[in-house]
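Going in written order, the chains are labelled A, B, C, D and E, and every chain counts its residues from 1.
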Amino acid sequence: MIRFEHVYKTLGKTKVLQDFSFSAEKSKIICLIGPSGCGKTTILQLLAGLEQVDAGRITGTEGLSISYVFQEPRLLPWKTVADNIAFVLREVVSPDRQQELIRKYLTMMGLYDYWNNYPKALSGGMKQRLALCRALAFPHDLLLLDEPFLSLDIPLRLNLVRQVAGMWRNNPRTIVFVTHEIMDALLLGHRILVLSARPATVLDTVEIQIPLEQRDIGKEPLSTYYTRLLTWLKDESVSKADSTR
Amino acid sequence: MKNSSWLIRGLLPLFGLALFLIVWQVVAGFYNPVLVPSPVETGLALFFLAVSGQLWEQIHLSIIRGLTGFGLAVVVGTPLGLLIGLNTIADSLFRPLVVVLQVTPLISWLLLAMIWIGFSKVPVFVVFVTTMPLIIINTIQGAKSVDRQLLQMAITFRVSRRRIIWEVYLPQVIPYLLAGLTAALGTTWKAVAMAELFSVNRGIGAGMAVARMNLETAALFAWTILLIGLGLLTDRMLTYLTQQKLTHWK
Amino acid sequence: GIRRAGNEKQPAPAETAETPRKIVVQAPLAPATAPLFKIVKDGLLQGTGLELIIYKSVEEATARVVKGEADFTILPVNVAAKLYNRDVKISLANVSTWGILYLVSVDGSVKKWEDLKGSELYVGARGSTPDVLTQYLLRRSGLPEGSVKLTYLGSPEIAQLMINGLIKNAVLPEPLVTQVLLKNQQARVISDFFADWQKLEGKTTRLPQAGMIVRNEFARSYPIAVTGFQRAYTEAMEWTVTNPEKAALLVEANLQIPAPVFVKSLERTRLQFATGSKAKGDVQIYLTRLLEFSPDMVGGKIPDEKFFLVD
Amino acid sequence: MKNSSWLIRGLLPLFGLALFLIVWQVVAGFYNPVLVPSPVETGLALFFLAVSGQLWEQIHLSIIRGLTGFGLAVVVGTPLGLLIGLNTIADSLFRPLVVVLQVTPLISWLLLAMIWIGFSKVPVFVVFVTTMPLIIINTIQGAKSVDRQLLQMAITFRVSRRRIIWEVYLPQVIPYLLAGLTAALGTTWKAVAMAELFSVNRGIGAGMAVARMNLETAALFAWTILLIGLGLLTDRMLTYLTQQKLTHWK
Amino acid sequence: MIRFEHVYKTLGKTKVLQDFSFSAEKSKIICLIGPSGCGKTTILQLLAGLEQVDAGRITGTEGLSISYVFQEPRLLPWKTVADNIAFVLREVVSPDRQQELIRKYLTMMGLYDYWNNYPKALSGGMKQRLALCRALAFPHDLLLLDEPFLSLDIPLRLNLVRQVAGMWRNNPRTIVFVTHEIMDALLLGHRILVLSARPATVLDTVEIQIPLEQRDIGKEPLSTYYTRLLTWLKDESVSKADSTR
């Protein structure tokens, strides 16, 4: 169980989190949805230990091996596609297993042919996929995903969503997943948190009990959740449009 | 495209050289050769140095001394620069040392060097002491300019500190290190000559000292030209090596 | 054999025999070094080796002296006094060079010191013997400080400028004087420091400029070797003075000073051997004058009797 | 946190200094003061220089000369470095020049400098000639490391070439330039002293020449310490200025 | 009328475009949809003149003033939010007008409060919005948009789509718009090109005659286009899944 307890966080002069609390059950997928700039990335950075809370506390992340898809690809430009993955595996996995993992995930993401290319030769979506490869290949207890399916075409995205769901079923672990796509959230999330604009508060918590493999977007009961989420987001949109005009 | 760039890279420097030689010849015409020897006289002096066999012996020695000092400076300076760039405590401790190395003039070094390490090694020491700060300062600046996002990534994935230094810091420090190496390698030959001029009896600098005493300005210019040639050669080699090996991913 | 500076000196093994296996001598790129080549070439020190180190700067030489790495060293007399006054255990073994400084000019109107009034005079390193002697002679010629503008520069550079007519008046040592005279027809020697000195200090006094010091411990351990070396140096010096052409060949081979220049310059270089004690009178007058002028030049005081090696 | 970092920045260098002085005093005990004066003797020499009034006059002169040469080198070197870094033709033409500047030893410069610019300006010239290559080389490397994506952006929006250089190139070159400036400023004081030692009557270098002539090693050390102090001072000032003005957006 | 005529383009060793042709009518919005890595960004770079064709030719872009939202924000980190926009306006617009434009677009994107911030203090979506501000504020004849609404929440995205449509109606100009969102394409595109995987070919050209202001995603006839596009993309997904396995 990962908990944020009354967390305060200021970045520069911006008060990003004010008395912010939520909890994520162990080995479940939790989705964060909220307006741009509300503090989603900041929450992931806090979870990863890359930022420290100003007040309050975060529990349940101690000693976890963390894998992270950052909002930017963050690839090492001086390493080839395969070496970018090997870079994080070197110390945790045997050389044979490294090759196996790299092959497996590059194939899954359709990047196998680019094994020896440098990142500069990849398109935007391909860089994003490589960052996802790296995070999935790294053995982890907690997976942080910050809009991992950016710049991908719909079929590829759905395919990858399915792959991640499959991986979770084989080996359930905690995943915190930031997205702007309601569809992705509905397909992957056990619990969906709808966040307000900054300072972020939890507007709604949607628990979806349907097993991942049985979810189908077109059909009930998932479509009711869809409507529920959309209402929130529409409301948000109103308040937002007000504040920006 | 490729053709014209070849032309530019090949012909322009030649043209520049020709222009330079002409200007030099004209200027030399106004002065006594003791003050400004003409290119022809300098060439002759060079020729005599070559046939007398002096040339190779002296150059050989100077090159060995220069490269030894430079090599030592690289081996010691790069890790030290990284350390200072990464660590505040190391910065406080070693930064003044770097300034001391850089500011202390040859004369003061000579005194100490002669006591501590004996005369024959003075040129190596002087090269070491003059080039190391250049390498350190550039490495420091490189380490300070490292992309924090990539660092965060490596830390999150629990990559070991040693590998972060080798595989995240170093590749980003390399352009800075290159600038440092280029500057240091240029300075190397000057420092060797200077130190030899003051302290030892063989090597290019010693040849220059003799030429100076005997007012053989043409020979002095000849030695200078040799130094410049040496500098250009090593500069080219460094450029070539780095373009091949170090920045191919750009 | 001749050892180039820059080779490491092994500490001399403690020897109990009457004669040392070898003698280590330091010498500059200067005329007084010529006889040493003769000694090496002819093996004038029977049974004892001579290791000759050519030094490039006075620091280098004094560093070796202080560290006790050289038995004999040719140095300017005032530097020897400075070392002695700083408690370095050395004595003055002999004086060999008596005046190598000259006032040279390309200006036809300059005939004596007094004519320099209001003009610019170039002198080698500030604070060195040439500088102080020049100031002394100017003063004694009735030219107070400031009436002649002194500019300091490396002696070789001064020579080069003079040859090219870019400067008019300079104080230069041999063999640079010869070089200038050979390459610039207008250049003339205006004044010989040695002669001026005699005019001012008396006909019998001489201007002792450079000599050789010996390590006290060496002198105490091997008195016979010291005497032998002094004798050999005397002979070689006489040979050099009487056979300048032959000596020049040795110098050209070892110091790379062109032979004709050396031959010519020897005419104006007073090489003459005098043991330390014989030179005592001249040295004391010289050092006294320097002391009056600038105490730092001699280390603050006139060295006592023990400065002069007893024969 | 802030407290302990203050302690580190303040106390550690002091501790280092104390250690250094102790080691120095011990070492000096083994040698004649002509070779290695003790810290106390050096301090006394410094004191005498100060009371005699020499100190201020000489330092004053050396500072002016050093800063003039350094300033000229910055003003000429930065645009030249940018030009070489941006333009292949300029690279072919000027690159050898940079090497020449870097490799030619003081002795050879002295001859030419005397003819061209007269003695009194030799120190300024020497500083210019020794520091400019450091600035140029770093600027070149900086210009070559510029982000192509940002350039493409500026070109697409038809920003003028002049503004691209000022607003896109320069900010990216600044970290490199800083490394170059730091290295150059350090070298400045050494170069001034060296040149003064050879060519002029006044200034720190001239003071050192006299001290050397008189075997007053303590005074020589005192002058060296002054140079080091000067170097540390300007280094601190540069660091301070740049942290305030140039890299605030990082 | 902008035309690609039998264009060939190789990047590194990758043959990105092979005998590729299409045309974009003047003052219309053309959308490019296609799988990740198929060459969409390359097409925009060619249009902007940042890359040159290997063979074939591109006509109709001569002398046009071009505005471009790159796939990455490409902000100048040493300039504040406002100065990043002023940077491109300086030479084309009077100082007063600059201030006015900056104020207008920063307000539109909800970034007005960040006027004096540096880009490092912006979240991913905020950087993206700033890049969009810059491109819209710059006076242009041709607007190139490479996934301009990345990292934005749905209501904000829809709001911005509406704003862009409004701007186009006030002042129609040519826009080439790359996206992975069918919805955005349907709301903004006069012509939608569906591209195949590399080497890119045009699989389908969908012309939508409905005026921008009358488009409503839920209703006929737009929903028929939706189905048509989805079919293509699903097909693609099949062929893609084959090639990557």
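Here, a residue touches a chain if its C-beta (ideal position, glycine included) is under 8 Å from a C-beta of that chain, and two chains touch if they have at least 3 such contacts.
All figures in this text were calculated on a predicted structure; none of them were measured in a lab.
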{"item": "Starting at subunit C, fewest touch steps before arriving at subunit E", "value": "2"}
{"item": "Most heavily contacting chain pair (counted by C-beta pairs in contact)", "value": "B-D"}
{"item": "Length of the line joining the C-alpha centres of subunit B and subunit E, rounded to whole Å", "value": "50"}
{"item": "Rounded Å distance, subunit B centre to subunit C centre (Cα mean)", "value": "37"}
{"item": "Multi-partner residues of subunit E (each touching 2 or more other chains)", "value": "72"}
{"item": "Shared-contact residues (touching 2 or more other chains) in subunit C", "value": "59, 63, 67, 154, 160-161, 166"}
{"item": "Where subunit B touches two or more other chains, by residue", "value": "31, 35, 107, 111, 115, 197, 212, 217"}
{"item": "Full enumeration of touching chain pairs", "value": "A-B, A-E, B-C, B-D, C-D, D-E"}
{"item": "Residues of subunit E that touch subunit D when the two form their complex", "value": "48-50, 65-68, 70, 72, 74, 76-79, 87-88, 90-92, 118, 120, 134, 138"}
{"item": "Residue numbers on subunit D that touch subunit E, as the complex places them", "value": "149-150, 152-160, 163, 167-168, 171, 249-250"}
{"item": "Touching residues on subunit C, where the partner in the complex is subunit B", "value": "4-9, 29, 54, 56-57, 59-60, 63, 67, 154, 156, 159-161, 163-166, 176, 179, 183, 255-258, 261"}
{"item": "Of subunit B, residues touching subunit D in the complex", "value": "5, 8-9, 12-13, 16-17, 31, 35-36, 88-89, 92-93, 95-96, 98-100, 102-108, 111-112, 115, 133-134, 137-138, 140-142, 144-145, 175-176, 178-180, 182-183, 186-187, 189-190, 193-194, 197, 205, 208, 212, 217, 220-221, 224, 227-228, 230-232, 235"}
{"item": "Residue ranges of subunit C touching subunit D (in the complex, touch as defined)", "value": "58-59, 62-63, 66-67, 79, 82-83, 86-88, 125-128, 150-154, 157, 160-161, 166, 296-297, 299"}
